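In what follows, subunit A forms one complex with subunit B and a second complex with subunit C.
On to the complex of A and B.
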């Protein structure tokens, strides 16, 4: 890192020694996973820089924003509407939940058979190593799965959490469900107005919508380019872009992804790629992969396949639809925002047939030879739905492999055997 | 001898070498020990072949010893071996040291679908070894006792650690050792049949791996699946044989 951030981290209440250990592991993991890849796009250097400053420069930017009176909002879920945060000149960041860290501490509050993502955000809090959590003026939780719902009830009293606000969410895609979401977003807007000391207007809300839509549009462009054979970018690098989506400065992020897309367009024209033409192409579908959860994609790509899409909250499920900017009133715009998020087909919804259709459409659009369904152990919604997805995809002649795992590396060998056998099956 | 297949498993290393015509000319099974590569070196020193394919848990290890060795997964290897041994084979159940697998094979001999146990040793060969020890049986006694038992104690836990304490508490309650032994076999059989049920089971089902040497397991899995299982002459070496066939195919 280019600067001494220790005083800043200390000021944020981090445990410096433990935090050093985390950063050392993260840096080594990143170098081993990403920097060893061949033929990476030049534009990925930006993301290398972002990752090298993940707890440094970006956190300093948050602190500068706070000093200028802006509010930082942290969240764990794609249902939290970033448009409203940005409209009120706030900063929206995704919080740390992707590593096996502080589990022993987390298990003082959570049963052992809690999913890794929840255990992880408790662990980051209890070991005092997440600067984003501490920098957040408001942490926004959401009633998605049972695990998160109940966890938020106790998370509010955990270290580094200044204020926790929990949004209710519908579980059924009905008119009543939609009305509930509109109502919850309206309440959230009021909460945000009170926090920011500003009012939402048609103009600032439209600007917030435009800024988030621009990020999403850049990701749509990246997604389309991955349909080329050979694939112009690795699944790992594309996943990283999807991960950084959650915490980078929106305009800088959009510009950087568009610059990579310019470069990839030239690659595609020249028929150049990161894997050989004809290399097995895999679509990953299922639970989100938060930084630094790169385990499955790094195994898949080390076996010679290339990942061409992520049907995931950290991926296309999270970024696919744009928010309509039509509306003459704040209320109409908030309803439009709710309509956009209501289409997100998270497995907490019942029934959830749209997700299966989306997986099939993605497999077709990105010319995937097979789908790997990724479930985080103890994530009931995705693990149960994974069985249905597997059966239906196989019925549609799309080879499917189901991997249920957690953040630890102890089963990496077993996963590698399954992935290799799956690729052997795809190749016939 | 022209081609060889070596299956480096978690508990044993299996070597099969073939002559020009594809007949088995050499076959060995050794404990993997703490130095499986050393075991491989020793086994391979006894033969001379033109090509070798490795498989099993340690398949990538062999390239350190023989740079030209090609690795394939034990799933593909077992499918090739099983089909060559038994033309009517449509599916394989493989109970190995640390893995249990079910593999469905299409009419062309390709892997159609496969499933494997979760990360832990529950329901695998290692589980049986631990349980035999918990009952103070040798492995042979353990199987014989289970085969002879008239009824079975029911075991609810499949975790190797928890099941061991469950066995201890059954013993403390005065349950018969033979009936506990049968209960353990039935618990594994039901779990294995459940796994097998997640892949299409058409044609004859071959039972391979070290687990197929256990007569009680053969009987109980067959009964749980409501169909007899075909056990080949040497069930432990089926994947090594498949790997050897794979090596020979490249040559001829």
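On to the complex of A and C.
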């Protein structure tokens, strides 16, 4: 990193020694996973820089924002409406949750058979290594799955958590479910207004909507370019963009993704790509992958396949829908925001038929030869829905492989063997 | 069994060979667990008879009811309002879910790390051995936990399931949560009216409420008698009564429990009990135990302790509250029913502070020396809440042991060792 951030980290209450170890592992993992790739787009250098400064410059920006009176909101879920945070001049960041770190500590509070994402965010808190968590004036949780819902009851008292706010979410896409979401977003808006000491207006809310939509539109542009054969960008690099989506300054992020897209358009025109034309093309569908969870895509692409899309919250499920900016009142705009998020087809909803349709549509649009369904172990909603998705895709003649795993590398060899066999099948 | 029920079972679509094996195992398990107990109340002979006829006479009664035009409703959860079923002259039964049976079949549809209760009800269906399931005109599910919520999406197409109806449930005890429950019970009432070809009236609904309240009141009477030292009835026998609560003819059940209570009152007066005065007294708290899940109580009581209460859906959590019968309209009565069920403190609610208060109150009322928290493995809500319950009880100087297990006997030895050590502690 270009600067000594240790005083800042110390001020944030981090355990510097453990944090050093984390950063060293993260840096080494990133270098090995990303920097060894061939023919990367030049524009990815921006993301290399972002990752090299992931706990440095970006956190300093948050601290500068806080010093200027702006509020930082941290979250673990795509149901937290960033539009409202940005409208009130806040900063919205995703929190640390993608590594097997501090599990022994986490398991003092959570059963071992809790999903890795939840154990991970407890671990990052308990070992005091997530500067984003400590920088957050407010952590926003939500009643999505049982694991998070019950874990938040405990998380509120964990280290580095200053204030936790939990939103109720519907389980069914009924009229009553929509009304609950509108209600909860309205309450969240009131909470954010109080925190920010500002009022939502039609103008600032429309601006917040436009800023988040711009990020999403850049991701749509990137996603479409991956339909080309050869694919102009690796799945790993595209996943990284989806991951950084949650952390970065919105405008800088949008500009950087669009710059990469300019470059990729030229690649596509020139028929250039990161894999050979005709290389096996895989769509990944399922649970979100937070930094530094690059395990499955790195195995898949090391086997010679290229990932052409992520049907995931850290991916197209999270970015697919734009928010309408039509509305003459704050209430109407908030209702529009709720309508946008209500379309997100997370497996916590029952029934959830839109997700299967989206997987099929993505497989078609991105010319995938097969789908790998990724479940985080002990994630009941995606693991159970994964069986249904697999059966229905196979019925539709879309070869599907289900991989349920956690963040540990212990099963990497087994996964590689299964992926290799799957790639034989889809190109056979 | 007193009669040849094989033609009936065949007509219900059961796999007779597998069903024979199940009944043989069930009978042997029952004899070994229950009939070897000393000083059992005479009145338990009724439950011995019920269990000896569990797939026989009671199922025949259901078939007779069906032949007379009455409807049978099966469920897996205490949130299904029996009052409404009874008001429409229906029969309400709990469905098979308490044994490791057909897991290999179930795991074709569910991840291995699904809770035993869910795998069990899939297993009973897929191996075609649950006559209650097949006899049910309607199976009523509900969005309690993630596991059941997502499993019901699949269960609707499973063997022996004629029609599945799923109720949405709130996750938070808010005004909006209550409104959802009232709404869902109203919809369920409409569904039941259509099924039964009858209309709810103030009179029949009040009668349904009275019949269910009578069952509950009998269980309250039984529960209170267990406060005596020595305890006049074993935890196993009391659990059995709580289990049969879900299956039996309501009036016969109520009468039988009250008859046992008459007998126990005399025992208490005479200072007689099933264990020595001063024997370690344990409250069990946590997940429900369906027939034939007697594993934990049989281990605990074999160690010389006596279980004096069950803070469980198959226990006091399920029976604690009576339903108000005040209301001049069907709507008002349904709202009263919803208010009653809204008090049930299942761990799927967040937050769920009432449950901890109830555990403490029960430990106090029944003079428990300690609490054993029972979690079914992979049940996120109870397993996570269990950690909180344990910490809070220990703070309140109530010794607590957490046991997370499934229906297999594989860990019985380990559990016994832990229970023995716990009993040393609480009487030390």
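Assume the second predicted complex is superposed on the first by the 428 of 428 C-alpha atoms of A that agree within 3 Å, B and C clash if a C-alpha of one lies under 4 Å from a C-alpha of the other, contacts with A are read in each partner's own complex, and residues count from 1 in each chain.
Keep this in mind: contacts are C-beta pairs under 8 Å (C-beta built on N, C-alpha and C of every residue); 3 or more make two chains touch, one makes a residue touch a chain.
Keep in mind the model is a prediction, meaning the values are calculated, not measured.
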Touched partner set for A:404, first subunit B, second subunit C, both or neither: both
Touching partner for A:291 - first (subunit B), second (subunit C), both, neither: neither
Touched partner set for A:168, first subunit B, second subunit C, both or neither: second
Partner chain in contact with A:257 - subunit B first, subunit C second, else both or neither: neither
Subunit B versus subunit C as contact partner of A:413, first or second or both or neither: first
Which of subunit B and subunit C A:424 touches, first, second, both or neither: first
Overlap of subunit C and subunit B interfaces on subunit A (superposed complexes): 404
Residue ranges of subunit B in contact with subunit A within the complex: 57, 72-76, 99, 110-114, 116, 118-119
Contacting residues of subunit A [partner subunit B, same complex]: 394, 404-405, 410-411, 413-414, 417-418, 420-421, 424-425, 428
Contact footprint of subunit A on subunit C as seen in their complex: 109-111, 113-114, 143, 145-147, 149-154, 166, 168-169, 171-172, 174, 176-177, 179-180, 183, 347-348, 350-352, 375, 377-378, 380-381, 383-388, 404
